[in-house]
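Listed next: structures, encoded as structure tokens.
Both of the next two complexes hold subunit A, though its partner changes from subunit B to subunit C.
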Partner chain A sequence: MSVLTPARTSGRTVSAQENFSAWANRHRKWLFAAPAMIFVGVLIIFPLAWTLYLSLTDSQGSVRAASDFVGFENYATVLTDTERFWPAVGRTLSFTLVALGCEIILGMGIALLLWRPFRGEKWVRVAILLPLVATPVAVGMMWRLIFDPNIGFANQLLGLVGIPPQPWLSGQDSALPTTIFMDVWQWTPMVVLILLAGLTALSDEPDEAARMDGANAFQRFFYVTLPLMMPTVIAAILLRGIDALKTFDILYATKGKGGGSFHEVETLNVYAYGLSFDYNQYGLSSAVLILFFMIIIGSMWLLTMRKKAVSK
Partner chain B sequence: MTLLTEPQAPARQRPQMARRRKPLRSRAYKTFRVVALIAVVLFLIAPLFWMLLASFKTNVDIYDAGKSFLFTPTGENYANVLQRNNYFVFILNSFWVAFVSTALSLVLGVPAAYAMSRFTMHRSALVVLMARVIPGVSLLVPWYYVFSNLKMVGGFEVLILSHMFVALPLIVYIMMSYFDSLPLELEESAQVDGLTPIGAFRRITLPLSVAGMATAGILSFIFSWNNFMFALVLSGSKTKTLPVAIFDFVSYASIDWGGLMAAATVVTIPIMIIALFTQKYIVSGMTAGATKG
Partner chain C sequence: MKRRSVMKYAAVAAALSLGLTACGGGSSESKGSDTVRVTLANHVWSEGIKAAIPEFEKSSGLKVELTQLGEDQLSDQYNVKLNAGSDEIDVMMYRPLQEGKAFARNGYLADLTSKVAEDAEWDWKDYQDGPVQASTYEDKVTGVPIITEREVLYYRKDLLKAAGLDVPKTMEELEAAAKKISSADTAGFVARTGKSAAVTQFSSFLYSFGGDFMDESGKSAVGTEEAKKAYAFYGGLIKNYGPKNVSTDMSWPEAMAIFTQGKAAFYTEADSLYKNATDPAKSKVADTVGFAPLPAGPAGSKPYNIPSWGLAVNEASANQDNAWKFIKWATSKERTFAAQKAGVPGPRASVWADPAGTATYPKDLAAAIAVSAENGVGHDRPQVLTVGKAREIVGGPIVASITGADAAAAADTANTAFQKFLDDEK
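What follows is the complex of A and B.
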């Protein structure tokens, strides 16, 4: 190979530059990968270690203030806290599960509608794209106006069909479902795109074979298409689920600090953010965050296992 | 779901014949499909349209249900937002932060994704992808502490660093699946022709990856533009980005709805225009790696 390299044949002495080039080529694997890994590593590992440390101290007020090592006291406080922590866990899980469930079902339906080409497809695709890229905080503000109990369009619409006005975001029980609705509006398009990519990649043959055997449309969907789509569905759940668990922007934008005055939409992320930056309870918030992180990792691990199982 | 009753394969090959022979059930499905698609489009577009309408209304008109669709449009909200509230500055801030963090993340991320794809460094990739999973708040407390000690909070550097943290995993993820799909043979033959491995990467692989990099870059720009939490904590009065600026809008006692909707429109319009022109890249980026199984 070296015979073919012009640089090598032109000069007899090996210059420093060539030396470096040879060295770089030999070590290109780490030369390429290391900068990004160091960047992410420094920005993650050090803060994570710090969070772990803070969760074992009574740090509050200012991170700079002296704090004592309290062992697992924060975890005990958090895990026995039925007023804020456990309701927040419940809200996080119900927000994620309900939103995700709606998004997957609606997303599958819409993806099936879009599966085969049709006239005007371009316009539907544009409509699907717009919510997806819209700034979540701005989306939150938009829904605040639409769901305003007095002047909002939602209640005007209900009025047309004779349903009394609803409190939506300002109701103690309706606030969380309303934010779930917003999440579904914004992120169903992403599920549609993922599932549609999966559908398009499917081969027609299994479906054809089932048709030959006389299976009707429902049978073909549930016994042929859906099982073949399972890996893609789980991939969509994984991608969307992580983000749904961590939802913050629309909750904070619509209900503000503490998830509203009754903590109606206070999920773990909103709770941890409030503890850290509104109340400066660093020790407690770190314990919440570590537990939150474990929930996320745990659910991801479960899903990845499941995905491996269905891919086989 | 009766969609599957359509005679699909023949329909694509011989549309004329298939249309003539289409059974009644399929025609019913066709109608259903059109209605359903219109409903979907309305559901997705109507709220945005409402926001746009309200941004051209005076606050008096917003409170008047009779003027939902018929009103005299006014540009006053936009004039207020852009002049009085300095939104031009925030637009520039958002743009600058998104642009620089995307550019730097591409410089770091593309070679990393290449190495991780070619040498199947799955565990290393996992380290980078962890950044997508970890809750942002747990990073913000230590970051805030360190960067405020360094007197960097409120500067562009910190904001850009934090946004790179969002952009980099995204870029690595998308580019890895892009490089995975790029045939090895091209690089190998380039090396046989005398290029060094790095030379082959620079002259063969990179030029072939422009589409992938566009995808990764556009998506990371959008994510950075939309990012709220990091900017909420780490930006200062001089570096405030649009999502934070819009959030500050409602901290006053009574909400100026017209102004708020104008501000929300100002935030979303640029990103939507970018999205419209780069549609196919966004779609391929959003679905990257999801269908590999």
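What follows is the complex of A and C.
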């Protein structure tokens, strides 16, 4: 019993094994890809298809309750909603564009400063990366305390230099800019990281050649370094841009459901969350999410096209 | 050799994909498991129960698996799990007035009608009327209330004394006192300001001014003259005598912080939160805080008197009998009494009838609670299915009034929107 000799136990087993082996060998590209395909199918395609289906029904209250197929009614409702939907689209876009713009410009500046080796370089890099590793909800809570209009640190600091207290997160007009500031604080380091990698990979020769030709630092950056960096910059915009569009955590942590009493920081993500978790209107919420998904895919496609054009 | 390595990889790939599906499956318990899975909110009540659970495990021979979450996370968790028909929750702590109606209609809550009537010693009849009604849906008992609360007036004894004022008995006196005390660094009055969060605390003002969210025929009543006056009064108090730069997002933690930091003279809030103001570790005004019944408006003093939390059994649970055993233990007279002594106002009449039940409460608070329990109203928010949305609608005029906009116009807008909401919900 203890010595197993497979070849002798049963000829049929061996041949079955060989059959399977041969089959596996023939289909190995599928076999190896199977785990990833199952993963994508179960966790991405199925939820997406289900959301699409829900968006065409009047599902509400409970997703298990009976619901009717209503065609594109939800989309019509959403697209004509000037009270919540369109302002949310506007806020999503302005949040993303302003935050992204600041992050790319600041990120480039910091990356250029860190590019050349200097004493204490490692420490500075670690310090700069700290916001990146903090949990967004914790970051939200921290800034919420700092920006509290009555007992917050920010207003006390302003008081020291004689500036009157500001409403920050609680102001109707200042809430969105304040959350943008928080986003910039947290995510600029990631942009720095990406751009720094791009800078380090650049060859020194074009820069040296330009220097020999008498170009000043300004000219060398705008006419040599930046064009060479363009693919990296676009990659950073792509990565960070999608992330910024999808921002939810800091908005929810600082302003809660509905993005504040006047919906002042209600982006599409926050709106869709409120529709499904607060209002239990799953059909409507799904329609918002599908539209949001299309906005993200659309902007991604535009950027990828641009990247291809630049790479050529 | 080549073939064998292909086999090896295939085996690894298969194992991985199996692993993935196994992760998704979760562990499902067999019928009548010895483990009761209990989901609770972060609350003083839960802390007391948590400490006593070993006692229950010993006497019943069951094992309790406890999950504790913040209020919003708890709601989200229920929305996801109960929606999916999950049997992973046996006992759930829920808010009868916020989600009870919707949960019951969706069939998430098991029918406990026969169970509550079973045991005379446990005594369902001992429960106060309001809380029982709020835990009943279409004549079926769907939950057992565990915590009740009423709105009371928190005030600063020292500030009143310095200003030579008595404790306000009417809304007019409250306004006059807030006006007199209000200064650059001390607000006369503070309360919740968030559109949705403020609705429950505003409700007592609304009732005391003679209004309600809906009239008897179920139509919107937030546009009535009484409601308009109440909106203007509540918002006006905060706008005129509230903290400078007041945020319009405040729920109780923010408003309570302003009061306990010593920056406000009056504060209207649920009595069940009183420990936050009287505990010296949390409050700078622990020694000087006083409590009084809600001041009377034109229609008298009509605070809400509601069950804020209850326990229910998940309809999809395969372990309902053991879940009920846990609830019966957690809501027994002894446990309710213990919670009451720890500062959690209970829903049983017996704990209030017994002088020992209020012995640990500040005397003026116990007196205020007794008054409120008598003339209280049984709801503190619109009684509809989608409470979240309704609160945002009827809360709009509160915020408008706080920011100095026309409260009456905002109330008219809200009235139209709320009537449409009610029509849609039918």
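Please note the rule applied: the second predicted complex is superposed on the first by the 284 of 312 C-alpha atoms of A that agree within 3 Å, B and C clash if a C-alpha of one lies under 4 Å from a C-alpha of the other, contacts with A are read in each partner's own complex, and residues count from 1 in each chain.
What we mean here is this: a residue touches a chain if its C-beta (ideal position, glycine included) is under 8 Å from a C-beta of that chain, and two chains touch if they have at least 3 such contacts.
Values in this document were obtained by computation on a predicted structure and should not be read as measured data.
When both complexes are superposed on subunit A, subunit B and subunit C occupy overlapping space and clash. With both structures placed on the common chain, the touch criterion links A:Tyr75 to neither subunit B nor subunit C. Touch criterion met: A:Pro35 reaches subunit B and subunit C at once. By the touch criterion defined above, A:Phe262 reaches subunit C but does not reach subunit B. Shared-chain residue A:Ala253: touches subunit B; no touch with subunit C. Of the two partner chains, subunit B and subunit C are each touched by A:Ile151.
With both structures placed on the common chain, the touch criterion links A:Ala65 to subunit C but leaves subunit B unconnected. When both complexes are overlaid on chain A, the residue A:Ser21 reaches subunit B and subunit C alike. Once the two complexes are overlaid on the shared chain, A:Trp123 sits against subunit B while remaining clear of subunit C. Put simply, more of the residues of subunit A are touched by B, taking subunit B and subunit C as the two choices. Contacts of A:Thr232 after superposition on the shared chain: subunit B is touched, whereas subunit C is not. Once both structures are laid onto chain A, the subunit C stretch out of 43-51, 79-87 or 403-411 that overlaps subunit B is 79-87. Taken together, the two complexes place residues 21, 24-25, 28, 31-32, 34-35, 39, 63-64, 150-151, 256, 276-277 of subunit A in contact with subunit B and also with subunit C.
Touching subunit A in their complex are the following residues of subunit C: 2-4, 6-7, 9-10, 13, 16-17, 20-21, 24, 72, 75-76, 79, 82-85, 102, 105-108, 193-196, 243-249, 251, 254, 257-258, 261, 263, 385-386, 388-389, 392, 395, 399, 403. Partner subunit B is touched in their complex by these residues of subunit A: 1, 4-6, 21, 24-25, 28-37, 39-41, 43-44, 46-48, 50-51, 54, 63-64, 109-110, 112-116, 118, 120, 123-139, 141-146, 150-151, 153, 156, 185, 189-190, 193-194, 196-198, 201, 204, 207-208, 211, 216-218, 220-221, 225, 231-232, 235-236, 239, 242, 246, 248-249, 252-253, 256, 269, 272-273, 276-277, 282, 285-286, 289-290, 292-293, 296-297, 300, 311. Residues 18, 20-22, 24-25, 28, 31-32, 34-35, 38-39, 42, 61-65, 148-151, 165-167, 169-170, 172, 255-258, 260-262, 274, 276-281 of subunit A touch subunit C in their complex.
Residues 1-6, 8-9, 11, 33, 36-37, 40-41, 43-45, 47-48, 50-51, 54, 62-63, 65, 68, 108-109, 111-112, 114-116, 118-119, 121, 124, 127-128, 130-145, 161, 164-165, 168-169, 172, 191-194, 196-198, 201, 222, 225-226, 228-229, 233, 242-243, 246-247, 249-250, 255, 257, 260-261, 263-265, 267-268, 271-272, 274-276, 279, 282-283, 286-287, 289-291, 293 of subunit B are the ones that touch subunit A when the two sit in their complex.
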